[in-house]
Amino acid sequence: MIKVGIVGGTGYTGVELLRLLANHPQAKVEVITSRSEEGVSVADMYPNLRGHHDLRFTVPDVETLSGCDVVFFATPHGVAMNMAAELVGKGVRVIDLGADFRIKDLELWSQWYAMEHTQPEMAELAVYGLPEVNREQIKDAQLIACPGCYPTATQLAFLPLLENTLIDHRRLIADCKSGVSGAGRGAKVGMLLCEASESMMAYGVHGHRHLPEIKQGLALAAERPVHLTFVPHLTPMIRGIHSTCYGVLKDPVDHDLQAMFEERYADEPFVDVMPAGSHPQTRSVKGANMCRISVHRPQGDDTVVVLSVIDNLVKGAAGQAVQNMNIMFGFEETAGLNIVGLMP
Amino acid sequence: MIKVGIVGGTGYTGVELLRLLANHPQAKVEVITSRSEEGVSVADMYPNLRGHHDLRFTVPDVETLSGCDVVFFATPHGVAMNMAAELVGKGVRVIDLGADFRIKDLELWSQWYAMEHTQPEMAELAVYGLPEVNREQIKDAQLIACPGCYPTATQLAFLPLLENTLIDHRRLIADCKSGVSGAGRGAKVGMLLCEASESMMAYGVHGHRHLPEIKQGLALAAERPVHLTFVPHLTPMIRGIHSTCYGVLKDPVDHDLQAMFEERYADEPFVDVMPAGSHPQTRSVKGANMCRISVHRPQGDDTVVVLSVIDNLVKGAAGQAVQNMNIMFGFEETAGLNIVGLMP
Amino acid sequence: MIKVGIVGGTGYTGVELLRLLANHPQAKVEVITSRSEEGVSVADMYPNLRGHHDLRFTVPDVETLSGCDVVFFATPHGVAMNMAAELVGKGVRVIDLGADFRIKDLELWSQWYAMEHTQPEMAELAVYGLPEVNREQIKDAQLIACPGCYPTATQLAFLPLLENTLIDHRRLIADCKSGVSGAGRGAKVGMLLCEASESMMAYGVHGHRHLPEIKQGLALAAERPVHLTFVPHLTPMIRGIHSTCYGVLKDPVDHDLQAMFEERYADEPFVDVMPAGSHPQTRSVKGANMCRISVHRPQGDDTVVVLSVIDNLVKGAAGQAVQNMNIMFGFEETAGLNIVGLMP
Amino acid sequence: MIKVGIVGGTGYTGVELLRLLANHPQAKVEVITSRSEEGVSVADMYPNLRGHHDLRFTVPDVETLSGCDVVFFATPHGVAMNMAAELVGKGVRVIDLGADFRIKDLELWSQWYAMEHTQPEMAELAVYGLPEVNREQIKDAQLIACPGCYPTATQLAFLPLLENTLIDHRRLIADCKSGVSGAGRGAKVGMLLCEASESMMAYGVHGHRHLPEIKQGLALAAERPVHLTFVPHLTPMIRGIHSTCYGVLKDPVDHDLQAMFEERYADEPFVDVMPAGSHPQTRSVKGANMCRISVHRPQGDDTVVVLSVIDNLVKGAAGQAVQNMNIMFGFEETAGLNIVGLMP
């Protein structure tokens, strides 16, 4: 049984970590921190946890946290940076669900996140925690940068096509739809039920922070810089991301795209290539650590359409973090994650 | 590992049984039947089950089913009746999630369900599967009549008050709100998203089939017939029942209602009496086999208000059925049911 | 064409007033105020108003407002009080959609609203703007206290029964379900889509500010103080109130309740008694200034159940305010309010 | 006052026509037909219409309908075809909200709609009822083919770019999101609240019937055949279409796209070009006959993104049909359509 700490446990990724770890056979949450909720029982804040965790929020403190084997950061960007460095220095393994270590080009990071990066060595040390790409490096990693939700769904959709240099890397489009939980638990007018339900809207068309992260991952797969148009949309539901990805075939001959996708993900426990012709629904992965994908070539034309769905809070955040933990500590990769999506 | 059969697995209680049993340590689904979907893989019908079950629907057949240790019926009323009798005759234990054996007075049953009851011996044999009342009888039962969803939430709310003869048994009101999944997966216009979302309505005010069932249970607790006004409402959400129960104190002196409720359910793994002053949310039990209750006495007056929430598909159906199975077979009562509600 | 001013136009009742008045044949909004949004165009805040209003928010100012024929206050309690007095002093007619003048017993008001009432003369002068009760007084009123949303739906449900002294005034229960817009446009965590959708909960069971208001109205109808248990519930939808009202017949003989309700509201343009046996849906009044009611006596028993639905923002707020304005200024009572509910 | 007939009035476009025409100053619905609901009052089927229409469904009959000045067909494809021809023969003007006359190439029509077209002359005679393109021809039309919902939103988004030959006509993508009402009122499992809410999915990626219609319209604008990838998505809301359209600039120099869009639609009462940088929400047009558009060029790159929203039942169906009627009969184009969207 390893000891787990969680920094910033009051948000949706925090409670989701608690849900997943409540039934993990080899990990136990020992510390959970929140400055604003010090002393509050997690079960008072999240009644679904009543009977599952007997924890109270404490003020974050490196001393206490360094007694853990692994510490998850479920914090806004800029928070994990320095404390992660301290903890790694003390031999604690760190999994950051935030954005601090996702982008390797720190100048680019600073542009998009509008602050200085204070831990360049850590950023270099960090392993980008997408197991479908970096499983080997994750095993020995001291510091994991957990991918963002849009980047997870979108990279898994494009990877097979780019790795096989099948599509034009200069003409990528990702039209993404996210449930409202992606915006977190902060009290923002735009996320009120009365504002966000019964409506659909795009946002951040001029530029969203997940754009450079997705491009970084796709460029590695394509082995060259890519051009991507990324349009996120706010969708009237709690959980789920649907990424609709468009690529243009370089050579519009016959390709067995279905076989290529199935092969690419054959050994992946958490990527499910659906049968040809399928349209995955986000609800099929609600609460589950799973990405379901289907690949289409409408009218046999030269445009490929990949549909990719995840639960933004699970495979797009807390579930992927636990998957990383499992790999790091040599547990079964599926330990604690063998969850059936809640349907209906 | 016991062998499980499910008759009528295409509805919402069927898929929910499959979700819960996918991770049960001591039970494995071997047979699942559906006349209309013969040969179809359950995972094709419910993609959330992909990777969790490798089953196909077969035509219901007593021979095959009698190879099981226990058979669940997730069928409309009238379907389980005769086949259940046959299976019990062959030594198979049966758990009926439908209404065939819930009401002991078969004349009353016939009035409400508009058909003859063909199995009076079975009806007599059947144990009403509310563990919080009948745990001992459930242990040895051959045939379980699983309570309805409204009856589960409403009985658990009223029981402590009636068992202690604290409230007037002639003045009970249950104002209940149910998510749309209570209406099942049938294609009915009224249950379309465009008809049922963004709206609230009562239905069946003149009389709902759960009324005699609730009255039967409350009468047993009160040790006399009760009068109940029961008004169900269709609520724009998928899962959840909120039962708001009103009783009139016989003696409006000071009562420690909170302590009484806590004591009544102290040993119950699946009833959670919330702290005084709480307002349970249905979402706190979404996907979980739990009933959360709080008791109020507004303005110190003589009216007691009990708030009780369940997930209609879990503690109100499939979860309670598995709880009964666990009790019947001597498993840990919580085996396979230690699920944290999905929040948000 | 009368000149209209609106104080506090940024909330949901404010935008709803603008929607309704955009097409009013005899009234034009000339001034709309908001301290926080000074200079902002209303159409920038509420894009549905683009092309319908060419107004900007200004800082509230008695001088400017006194150029109006009527001023609506769509403000939190405590705000309208003093400015309303000043405006009435200058001959401007005032319609307060807030709670400042709803309760005649100012001591009671102070208890529930936790502040002193500074305008006792105004409170005495104010007419409670429920046209179905006070139409005559409204005609000449200088100051209208627009009823709350729960009080509108609940009083209209109980009035015929209490006016005819048919039910026991000591045993009234109102189990009310409200859409989330009732909580306003403030950024509160509990009203986020991720917190309030897919869930049902009661709140304020210990006491809600609409309780004394409803009791005041019912007491006037019953000509004696009444006892009421009032339990509001937060329902996962934007608009709508469903009030389920329970009364106990004093004399359980045969009553033609349907005829009594139809007669009571025969001349009311905005109360629709549904055919016997109906279950009104809140969506049937979405966006419309209408209260639909049906009356039931389940199983012929002594409990009467009245179902009453309104759109909380229309008949429960802005629409009722415009209805009052129409009566005050001698317009057709339905002017600008002949709106068909949006269905689906 | 012209006399209006509606064939097929039980679906969502039918009830929406009734809502809009209830307040039309120059048109009155005299006949409404439905084979299945003969004799039923429209207000019994749609309680929002109580007090607004006193109509009953009758069996469709050319004799009766020919007494009308204009007849709307709100029927599935294949139904309007022959009866429309008969009515036009009798001098009645016909507005078909279905698909029978939308596509000029009848061979193509037959491929997509899997039936023969029996009225080639009528198809030739029919005017495609997109006023922003065909206003002049609509004035004298005997037969209008009302555009589909996706085609309306998508054509209005692409028109300015294609008419100015600014984008590559071989690289068009329309990623469209529709509310569930687009699927109509038929009782289909996939449209149940429990199936369609809290989920997002694409459908018909292999080919949707609106594809050839959109391509036809865009080809006319571009004056050459176009290539379009069209992916519709089912979105968990009742009303609304959000069309996210992608085009590639032929010449990636500086273009004042904002000015171009504003100019193109300057005189259009029902197209609203939003300020630069805007993200239109579907809810801003809920219930209103309006298309709101914004145009973006993310990161100054060569991809143009146009966001276009309509209410699929209004500007995408019944509202556009009434707009056509207004033009045909020389009424104010906005008569009966000056509706403010319902927000929140």
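In this document, chain identifiers A, B, C and D correspond to the written order of the chains, with residue numbering beginning at 1 in each.
Just so it is clear, a residue touches a chain if its C-beta (ideal position, glycine included) is under 8 Å from a C-beta of that chain, and two chains touch if they have at least 3 such contacts.
Keep in mind it's a predicted model, so treat the numbers as computed, not measured.
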Listed chain pair A-C, A-D or C-D that repeats interface B-D [over half of contact pairs the same by residue number]: A-C
Chain pair, A-B or B-C, that carries the greater number of C-beta contacts: B-C
Subunit A and subunit C, separation of their C-alpha mean positions in angstrom: 45
Centre distance in Å when subunit A and subunit B are each reduced to the mean of their C-alpha atoms: 36
Chain centre separation (subunit B, subunit C; CA means) in Å: 39
Multi-chain contact residues (two or more partners), subunit A: 12, 181, 185, 194-195, 197-198, 236, 238-239, 280-281, 283, 286, 344
Residues of subunit B defined as touching subunit D within the complex: 12, 180-181, 185, 187-189, 191-198, 236, 238
In the complex with subunit A, residue positions of subunit D that touch it: 171, 173, 175, 177, 179, 194-195, 197-203, 205-207, 227, 229-231, 233, 235-240, 242, 244, 246, 248, 277, 279-283, 286, 296, 298-299, 301, 303, 305, 307, 309, 344
Subunit B residues within the subunit A interface of the complex: 12, 15, 18-19, 22-23, 46-52, 181, 185, 198, 238-239, 272, 274, 280-281, 283-288, 290, 292, 313, 338-344
